Every structure is written in C-alpha cells, then in structure tokens.
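Here the chain labels run A, B and C in written order, and each chain numbers its own residues starting at 1.
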Amino acid sequence: MLRKILTLAAGAAALTAASLATTPAMAAGKNICVSWKTFQEERWKTDEAAIKAVVEAAGNKYFSADAQGSAAKQQADIEGLITQGCNVILVVAFDSDAILPAFQAAADAGVKMISYDVLVEHPDALYVTFDNVGVGRLMAKTMLEKGKQEGNFAFIKGDKGDPNATFLFQGIMEVLKPNIDAGKIKNVCETFTDGWKPDAAQKNMEQCLTSVNNKVDAVISENDGMAGGVVAALEAQGLAGTVPVTGQDGDKAALNRVALGTQLVSVWKDSRVLGKAAAEFANMIADGKANTDIPNVGKFNSGAKGVEVNAVLIAPNPITKANLNDVIDGGWVTKDEVCAGVAAGSVDACK
Amino acid sequence: MSTHAHAHKHPTEVPRSGPPLIEMKDISIAFGGIKAVDHASVDLYPGEVVGLLGHNGAGKSTLIKILSGAYQRDHGDIFINGEKVDIANPRDAKALGIETIYQTLALADNVDAAANLYLGRELRTSWGTLDDVAMEAECRKVMGRLNPNFRRFKEPVKALSGGQRQSVAIARAIHFNARILIMDEPTAALGPQETAQVGELIKQLKAEGIGIFLISHDLHDVFDLADRLTVMKNGRVVGTARTSDVDHDEVLGMIIAGKCPPGAIPGPGALQSPAAAA
Amino acid sequence: MAAIDNTQSPALEREGAVTRFLRATEIDSRMLGMLGALLVIWVGFDLASAFIRGGDGLLGGTFLTPRNLWILLVQTSSIAVMTTGMVLIIVMRHIDLSVGSVLGFTAVCIGTMQVYWLGPALGVGHPAIWIITLVLGLALGAAIGALHGTLIAYFGIPSFIVTLGGLIVWRGAAWSVIRGETVAPMDKNFKLIGGGISGITPGSIGATASWVLGFIICAAIVALIWNGRQQRKRFNFVLKPVWAEVLLAAAGCAAVLGITFVLNSYYWPKGVVDRWAQQTGATIPPEGLNISFGYSIPVLIALFVGIAMTFVANRTRFGRYIYAIGGNPEAAELAGINTKKITLMVFSLMGMLAAISASISSARLDSATNALGQFDELYVIAAAVIGGTSLAGGLGTIYGAMLGALVMQSLQSGMTLLNFESATKDMVVGCVLVFAVFVDQVYRRRVK
C-alpha cells in the first residue's frame, strides 16, 4: 500500500516538473499560439509552416495544440494556451458557437484572439480568412463560365456542423439563383456529407445518380476530398470528364484531376498566403496594434448572429486547366504531380 | 454397507504383483503462498478404486488436477507403472491414459455431444476436415451403452439434463482406452437410479483392470465402491486404509480431526496424539 | 438394419406445417427470418421511391433495379468481408474495436507503396505492382492482428482495451504515414478490386463468366447436398426426405442463377460503351450495345471470403476450437486445446480481413485517405450482432453476419436514395440495431 502511494506521488511530482519545464518563459519575444481544430486534413500543415516561419522570423515563439475534431478538447486547449502565457492565440474553430466562452475567457485574461479561416462571432477577435462565401461564388461562377449553365445540378455539401459548408452554399446559390429562378438549373440532389469524407461522398453520389438515372449535368462539390469521391462515382457510370465537378483546397490529387479533365476547378486558397498574413497580424497585435489598425481590415457581419467583427478577407484563386501554371509556379505542387497521366500536348501547363 | 472392523492391530497388507498403476510421491503445490497440497503421496493399483476424502479445500481436487495435467506440481514425482513421468498439460495426461471427469463436467455448452466427446482429438477425413458423421456414429455407440434412452445428439449440450450431461462427460472419459480414470464427485448431481448406474459402470471398469480415483464427500458411496481410501486435511494426507479395515466414524474422525485410526496407515497430516496409540 | 434417426427430438404431439417443414429441411429459421426482413426492406424502399420519383424498378421505384442492387452489393462488400472475422472474435468472447483504424492504416500503406515507391521504381502501371502491394498489405494486416492477439492471449490484457488502444494508435499512425494528404491515384490494375472501371476495363467479370460461375456454384450446391446425403448413408442415419433435398437444391440454384441474372442485367453506361468502341475500334449497332457487368470483383472477393470462413468455422478443427473456447474456455483448456494460440490466430486473421477490406475500399475510391474506414468497426460489429452473433460468446454464423451487413447497407442506401438527412439515417440505423438484437433474444428464449 505504501509502495503504491509513493509511486503515485513520484509520478505526480514528475508530471508537475515536466509541465513546468515546458511553460514558455515570459521573457524575450512574444508567444504566438495556434489552436487547430484537427490536423487530419492535408492543408493545415502548410498553414502551420507558413505561420511558424513568420512568427519565428520576428523573434517570437510558436506553440500549438490539436483539438482532434472535438469542441470540448478545443476549449481545454485554449484554456491551456492562456495559462501557458500566450499573447495572441489564432484559432481554427471546430464549433464556432461552442468556442465562444473560451474566446471570452481569453478576452478577460487580456489575450488577443484571431479567428483563422473559421468565423467565431466574438467582437474582439480579428477574423482572417479566405472569403468563404467568395469561394462559393467563385465555384459557381467558374461552373457557369467554363462548365454548364443549365441542366440538372447536384450539390455535395460538407459536414452539416461546419459553418463553412453553409457559407459556401450561400455563395454558390447567390450566383446560381438567376438561372435557378429562370428554370434553367434544376437542383436534383442536395446532401450534407458526414465529416467531409470522400467515401461518404462517393456513396451519396452513387445514390444520386441512381435516383435520377444518371441524368446529372453538373456537380458542385464543396471540397477536393469529396470531389475525389464524386469523380469515382461518375467514372463508374462513364460520366467522368463530361460532367463538370467543382472543388476547393488545391489538393494535389484534385489538381491532377483538373489537368486530366475530370474536375473543372479547384478553388485554391494558398494557405501559405493566409498563414503568412495571419502570422504578420499576430506579430503586430502582440506588439500592441489594435484590430482596427491592421492593414486591409474591414467590417464583417455576415455570420449567423450578425455580430460585427474586424476582418481581413483574402482573395482565393480558382484553378482551372487554363491557369494550372499558377500552382506550379507558386511552388505549391510540382509539374509532375499535376501532369501525371495527362496525354501529351492536351494541357498547356504540362507541355 | 460395510461391516465394522474390530480392533485390527495393523492395517492388512494386500499381496500385489507389479508396481502400482499410479504413484504420486511427495507432491507439493502452492498458490500464492498457500500450500494447497503439502508433500502428499497416494497410489493406485490396476483394477482398484481409491477414494479420496476430505473437507472442502483439503486439497483433493488440486492433487487430482496435477494428475490430469491442469496444474503443474512444484515438487514431487509421479510414476506410472514404476516409470517416472512428466505431465505438463492435459494432452500429456491423456497420452498417458489418464482421463478425468471433472466436477463441473468441463463440457463446451454450445456444441453437441459428439463434438464434446471428441473435443481436442477430433476424427478427421482424409482431406483433413472434421468427420462429423463418423464422430456422431461413435458417439451413438458409446452413449448407447451408457444411456440407451439418449436421443438428443444434434442439440447443444446446454439443452440436456444434468444426468445426460454427466453421461456425455463419462462417455468422453471412457472412450479413449483410459488406464486411469479420475472421477471428481460423479454422483453429486444425480438421483438414486443414475447413481446406481454409475456404480455399475465403475464395477465394470474395475473388472477391465482400470484404476479409478474417486473423489467424493459421500461416505456411503466411498464405502460401497472403493477398495481403499485416502483422507486429506489442509493439503496433507492424514492416512490411507482399506475400506474393510475402517468404519464410518473412524473415517469421519480422520476427515474432521485428522485422527488416524489403527486400521489406517498414517500420513504426514495425521494427528500425533497419545490417545491414538496402536 | 433399421436407420438411425438423428433428426428427431422427442416428437411433439401437434406440430404446425411450418415447423414440420423446417425440421424436414433442417433450415435455420433465424436465417429465414432475416431473409424475410431483407425482402420487406427492399420492397419497402422500392415502393417508397416509386412515390417520390418513379423509375423502372420491379415495383415502380428505383431500388429494385439491377443497377441499384449491383451497386448495393459492391457497397456492402467491405463490411461483409470484415464481419466474417468479427463473428469468430465475438464467438470467442472477445471484441475488436480497431478494425476501422487498421483498415485506414493498411490502405494508406498500400497507397504509399503504389504511388511513391513501386510506381517510380517499376514504372506506373507495371503489372506486378498490384499483386506486390496486395500481398504486402495483407501481410501487414495479419501482423497488426498478430500483435493485438499476442497482447491479448499471452499478456492477458483484455481485448476491449487492446483493440481500443489499437483504434487510437493505428488511426494516428495512418496520419503519420501521409500527413493528411490524399494518396492518389491507385495502380490501374489494383483499381479493379474496387469494382469500378479502369480505363475501359471493368472491375467485373462480364456476362459469360458470370453465367459460368453461377452454374458452377449451382453445381457445387447440388454436390454438397448429395455429399451430405452420402455421408449420412455411411452410418445409416435417417436421411432428409427426398423432396426436401430436391427443394433445397432447387431453391439454392434458383437463388444463385437469379442473382446472376440480375447482375448480368446491369449494362455498361453509354459513355463507357462509346469510349470502349472508340478505343477498340468496334462498331456499335444502331440499337445500342448491351454489355453486362456481371459479378463485380469486390463481390466475388466477399463471396469467396464468406465461403472460406464458413468452411473454416464448420469443417476445421480451428473453427471447432473457436466455438468450444467461446462456449467454455476452461473446458477447452482441459481438453488440451491451445487457447492462446487460437486467440492469436483469430486476431491475426481479423487483421488480414481488414487489409482485404482496405484494398476494396481504397480501390473503389481510387485513393487512400487516412480517414478511410473511420467508424467501420461499429458497422462490422452491428452486422455480426444483427446476424445472430451473441455478445456473450459461443454463438454466431458467418452467413448470418453477411446477411446482417446486407440488411444494414440496404437500409443506408435506401434511405440515401429517398434523400433522408444524415442525422435521420444515423438514428434509424441505431434503432434497427437495438430492435434486431431484441428480436434475437426473444427468438432464443422461445426456441429454448
């Protein structure tokens, strides 16, 4: 019994020592911290690299926590980061509503918050993002300009709990509304996809095609991962390449599909640009700048609650066959990765 | 009912030829500091039934599980027909011709009688697959001798009555040419008719030269069926005697108090008391 | 010599015709119940979809069409393969919560091998790539399963804990391998395992081969029934009435040939035919060309796995020991069965089955993502349980579990067809699971 108590005590002592050892020193440089909603998707490591580079170049320190897709864990993560002495916390919120108390706690503790890519409707937080409604608008615009203007449209949306899925759809519908009202575009399938999962998107698309006997003329997929599943389903029906599909994120596999012609567009949000900008703002804010003094800042109140926040909206770049060079020259992907399997001479960027 | 033995000065010696079928010498085993069996020695001759008696926890089941391979002894030796053997697992025991009918019967409830009969030593076809029909045929033969009214061959053993399950366990023990049979409380859950049947079976097996260890708490059964008996208390052997040399009260005295009567050969667990002078 | 009756329990005075029929044919009434439920579900969905958007299904809807049923079978195959192993694990009184994560990890490893190692090394599209990665993938799955089995059997850690740890570890490991990226595209020969079309090659065997296969299976059913009869004659057991044997053979053949017919009625989509004609230089007659898909490769894999596992469970000592251990582990030990080794082998087998499912899933999606297979373990366990496997151990059939998987996938696909919201779908699936187990318990109590 005594042995057990001693072991427990020793363990506790070791844990305390370890946590003390990792507490950042409050001395030189500011502490810029990031709370990720999940690290499971492809793009976030690119954001992290960009943020880290800018933070460390300014002589500040970078810390992060991964909430692994749980709102509860993210709250605990933020509280932990506040305790550790962060000056500015960038948050990619998993659940924008559930995280509000953590934002308030930060404000109370004098820690500055930046909502990164996902809107959190707290008046004191700076919202830095690609214009998601804008992304949706771009998807729809590109579809109308380079894909189809009329016919049966299928909409494969993202996770029902993710506000971005709704923002995207908002933007898409804004642009398509005139054609829908005129009866030129018919919405034949519209579905959310659990967790944005590609294999779930594949099954949803298969059932959609079955329900309308393959009479689908275009598919709006809200991201590249799901677009992969959609294209797989279309391919099994011999429709890949003739039915245009949209996507976003600039995933390597998606860019390859754009070159091959099975995907129409991937709206590229160069997360390096976003990360760099957000990190620069974080450095400024840590040094005392106010949100309203951030370059290119504007007012944003298109959230569900209509709370007005200061925001910097960065313009995304829709990548189609015509401008694949943007991603290649920008160092985002290599020419080989984009052009794998492309017939010689069919795509300019692959020559 | 045994007759009362009167004032034998010594336990009678039985003329025997050849070594004992089983001799367990000085067996000890401990579980976590508690000596379940402490330097116990028993032996068994062909065609003989030796009863093993004692309180709950006296060590009889444990001793017998060492013989059947379920436990490994810490100390001591086992001899079969005079030759030292090592029983490391139940397979070894069966290979040596030792079969056991456990108190819990150790049947797999979800498979049928034939599967239980052959559990661990299934009959196989020339392709290597299970030969279910052959096993069932053999099962019918064996059960036909033991329990002629038994019909439910295709049902899982769970669905059978206590007596029928007992028959399956017995069938399993006698089907594979055992030389030594261990029966742990074979009649505990049986009615009088079935108990008599078990008695008949034991007599039959004795006649075939098989040696039987019989664990029972029922003195009547032991005196009825056993030739000799050994009493254990607290892991130690109190004494061994021919059933004709002792009576019920003396045996009870051995079980409860460890008092070894004159008709019995005392063991390490016997009480050393001036009153028990020869 | 009088025949020995090995089918009759002490006869009941009055028996219904159904009971007599079941006893004569020795059909598992539980399986009949499940087939009935499946029929109700299929008919229900076809009627419902007829209301929403008429189609050319059997009853006017879109569910009972060759196309939907063909796709349904492909969608079921991944879970069906894994559930055959889960049955044996649950029978042994264990559980495996890690199968989804193991699926994800092996899929990611297979993808990485194809796209980053063997593709560059041997040249993209090399004929050996798919077989090398498949074999290595299966070996990896078996090794992971063996690791779990060792911890469970030889270290005595409860299977719930070991596989719960596995669930978390292997999902994290999957991410570590490709750091969140999507690995694509899979090798074009490997892709056929998913049943999709690779270029102009379909991942199915076509009409002729399907009919041949159908007749072979029909012949095998007849041979099995005949052989069973011969075996009984060996020892003079009572034989099933001839009408029962004939009926079973006829029903079996009808079922197989019927399925073959339906699968052969699903034709290549026009776009694929055109592309094929273009590339092979064939001419398409004016009325169009109907090329059947037939049995798809993932369905064949699932069938093969199902048959193999049923054989293992019923005809080998390994299978017998699994059930014995599940029924009474102590009795199995005392009978000299090496329970530890059997436990290790069962978990290793489960790992290999997860790797097979990983191949099917990643080939179907034509890419490997680290989120592949997430939550699959729940569906695999649910399928086994709906199929009659008891969580207390000792009871369960392979064919029941595969039917359970089909029932669940039918529900999900049907609801998607009817445009149910995903939240509603989840609730329905959960309720059906609980209801199915409840029905199973009632059935068991009545049969006793």
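Everything that follows uses one rule, which is that contacts are C-beta pairs under 8 Å (C-beta built on N, C-alpha and C of every residue); 3 or more make two chains touch, one makes a residue touch a chain.
From a predicted model like this one, the values you see are computed outputs, not experimental measurements.
Across the structure, the highest number of inter-chain C-beta contacts is found for A-C.
The most central chain, judged by the distance from its Cα centroid to the centroid of all protein Cα atoms shown, is C. Each chain's centre was taken as the mean of its CA atoms, and the one lying most distant from subunit A is B.
The geometric centre of subunit A is 37 Å away from that of subunit C, both derived from CA atoms.
With centres defined as mean CA coordinates, subunit C is found 48 Å away from subunit B.
Separating the CA-averaged centres of subunit A and subunit B is a span of 74 Å. Among all residues of subunit A, none touch two or more other chains. By the touch criterion given at the top, residues 68-70, 89-91, 94, 100, 102, 104-111, 115, 119-122, 124, 128-130, 132-134, 136-137, 140, 151-156, 159 of subunit B touch subunit C in their complex. Put simply, subunit C touches subunit B in their complex at residues 4-10, 231-232, 234-235, 237, 311, 314-317, 320, 323-324, 326-328, 330-337, 394-395, 448.
Contact residues on subunit C toward subunit A in their complex (touch as defined above): 49, 53, 55, 62, 65, 67-68, 71, 75, 124, 175, 179-185, 195-197, 268-275, 361, 364-367, 369-372, 374, 412-413, 416-417, 419, 421-423. Those residues of subunit A lying in contact with subunit C across their complex are 39-45, 160, 189, 191-195, 197-199, 202-204, 206-207, 210-214, 224-225, 228-229, 232, 235-239, 242, 251-253, 256, 340-341.
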